[in-house]
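After this come two complexes, each holding chain A, first together with chain B and then together with chain C.
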Partner chain A sequence: MTVHNLYLFDRNGVCLHYSEWHRKKQAGIPKEEEYKLMYGMLFSIRSFVSKMSPLDMKDGFLAFQTSRYKLHYYETPTGIKVVMNTDSGVGPIRDVLHHIYSALYVELVVKNPLCPLGQTVQSELFRSRLDSYVRSLPFFSARAG
Partner chain B sequence: MSRPAHRKPGYHKTNKDLFVLTYGALVAQLCKDYEKDEDVNKYLDEMGYGVGTRLVEDFLARSCVRRCHSYSEIVNIIAQVAFKMYLGITPNVTCNNSSRNEFSLILDKNPLVEFVEELPTGRSSLCYCNLLCGIIRGALEMVHLAADVTFLQDRLKGDSVTEIGIKFLKKLDKKNIGRKNEK
Partner chain C sequence: MADEAVFLLLHNEMVSGVYKSAEQGEVENGRCITKLENMGFRVGQGLIERFTKDTARFKDELDIMKFVCKDFWTTVFKKQIDNLRTNHQGIYVLQDNKFRLLTQISAGKQYLEHASKYLAFTCGLIRGGLSNLGIKSIVTAEVSSMPACKFQVMIQKL
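Then we have the complex of A and B:
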């Protein structure tokens, strides 16, 4: 079980942060294109899911799964989106994504008046704390499973 | 000195007086910088807007409120959760019109004006707490709601209560036409 990578987007589609831990295959397109593709796909899936839902929506789109990986999604009312790709065996991790939002992004970036919003996060503290946090997760193993 | 067991690590209480006096110093400096009350009010509102756009993230991170489905739910959350969390007070909420998009927050106590008895002469139009209006406006905008937020009444100006008016304008996010209210 492992974590492959993580994206953080803001409400305008700007990719605030990207981290990679175990990614054996790249997308084959430049990183900027990849972020746009990811954001566009998420936007469409969210709207599709809410439109086609046979019941009243509660939390909306949560995750999708393939035979090799699972993409987990968390969005705040302010449009901040946390996307994490993990192994297929990993269960719901909404609380993990919420922690990344509240204890890392909000505490280290939003509350720092010297960190400009709406662009890639430059804070080294954020990057390293996020890295330590992900490595400490119970479903993260140093060797890709 | 032992810490009470229920305190969350990292959220130690700061002396409230320091905060209130700092706010007062901010307003006093703006009064020195700008002659006209309208300008001071405008800059307080702008500064508040900048605070609000960030504060809303902290609020959402700490309070885990569920989605709201009406303006009155949102205003109730602002009064009962947000004001309580940041200022320790719970204003009363009233709805001012039948189309239910204009509301008021009636502030019984206001910690920001604890040391202010009345406005100085020559500053009769000063909205001392205008930062709060900007904060609310900025926070609402980040959840795709446009609103006009102003002081309708102010005890410092001689009115009987302090009243903040929130008037919701049309929704901001054009991409989400047809979606229900989100917060």
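Then we have the complex of A and C:
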């Protein structure tokens, strides 16, 4: 069980942060294109899910799963999107993604006067705290499983 | 705590506001720091009036400095000063290892050159508080590795 990578987008589609821990295969396109592809996909899936839902929608799009990995999605009311790719065996991790937003992003980026909002995060503190937080998660193992 | 976030965000905006308005008038860095320090001075004067309205008179200068390090700092920043040093000749060094206004910025060397902007208001806060307790002083701050910082207070003997 492991975490492969993590994306952080803001409401305009700007990729605020990307880190990877175990990624054996790259997408084959430049990073900028990859971020745009990811954001576009999320945007389309979100509106698709809400349109085609047979019942009243509560939380909307949460995750998608393939045979090799699972993509978890969390969106805040302000439009910040946290996307984490993990192993297939990992259950719902909404609270983890919420913690990444509230205790890491809000504390270290929003409250940092030297981090302009709407741009990629340059703060070393944010990067290192996020890294140690993800490594401390119960479903993260150092070996790519 | 909600009140802490409000002050932190307001303080950050104040610093960037002072610097933005300065750029148009071609004022250099020092003037902005002075402006922020003077704002802190006035706030410090008012705060110390409020916080000492029920306390007893202070025995001497050292007692006043201890009050600043313990009660004043706790009320404003929710923690005490970690270390107070003096040479008993009017120079005091207050060391805070985890200064509340700097913890979100970085842990180490990144953004070090901007740190002084965010300490100017607090320097004024200390100077204003001391002035209303009858001590004329000069307060400066230095930071070598965030979020630890040192405030140096030089008492001016009249």
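Here is the rule we go by: the second predicted complex is superposed on the first by the 145 of 145 C-alpha atoms of A that agree within 3 Å, B and C clash if a C-alpha of one lies under 4 Å from a C-alpha of the other, contacts with A are read in each partner's own complex, and residues count from 1 in each chain.
Note that in this section contacts are C-beta pairs under 8 Å (C-beta built on N, C-alpha and C of every residue); 3 or more make two chains touch, one makes a residue touch a chain.
These figures come from a predicted structure and were not determined experimentally.
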{"item": "Touched chain A residues, chain B compared with chain C", "value": "B"}
{"item": "Chain B versus chain C as contact partner of A:Leu108, first or second or both or neither", "value": "second"}
{"item": "Contacts of A:Thr76 with chain B and chain C, given as first, second, both or neither", "value": "first"}
{"item": "Chain B versus chain C as contact partner of A:Pro30, first or second or both or neither", "value": "neither"}
{"item": "Chain B versus chain C as contact partner of A:Pro138, first or second or both or neither", "value": "neither"}
{"item": "Chain B versus chain C as contact partner of A:Pro54, first or second or both or neither", "value": "neither"}
{"item": "Which superposed partner A:Leu125 touches (first chain B, second chain C, both, neither)", "value": "second"}
{"item": "Touched partner set for A:Leu117, first chain B, second chain C, both or neither", "value": "first"}
{"item": "Footprint overlap on chain A, where chain B in one structure and chain C in the other make contact", "value": "107, 111, 113"}
{"item": "Chain C residues within the chain A interface of the complex", "value": "5, 8-9, 12-13, 15-16, 104-108, 110-111, 114, 118"}
{"item": "Interfacial residue positions of chain A with respect to chain B in the complex", "value": "11, 50, 76-80, 98, 101-103, 105-107, 110-111, 113, 117"}
{"item": "Of all residues in chain A, those that touch chain C in their complex", "value": "107-108, 111-114, 123-125, 128"}
{"item": "Chain A partner contacts - residues on chain B that touch it in the complex", "value": "53-54, 56-58, 60-62, 64, 67, 142-144, 179, 182-183"}
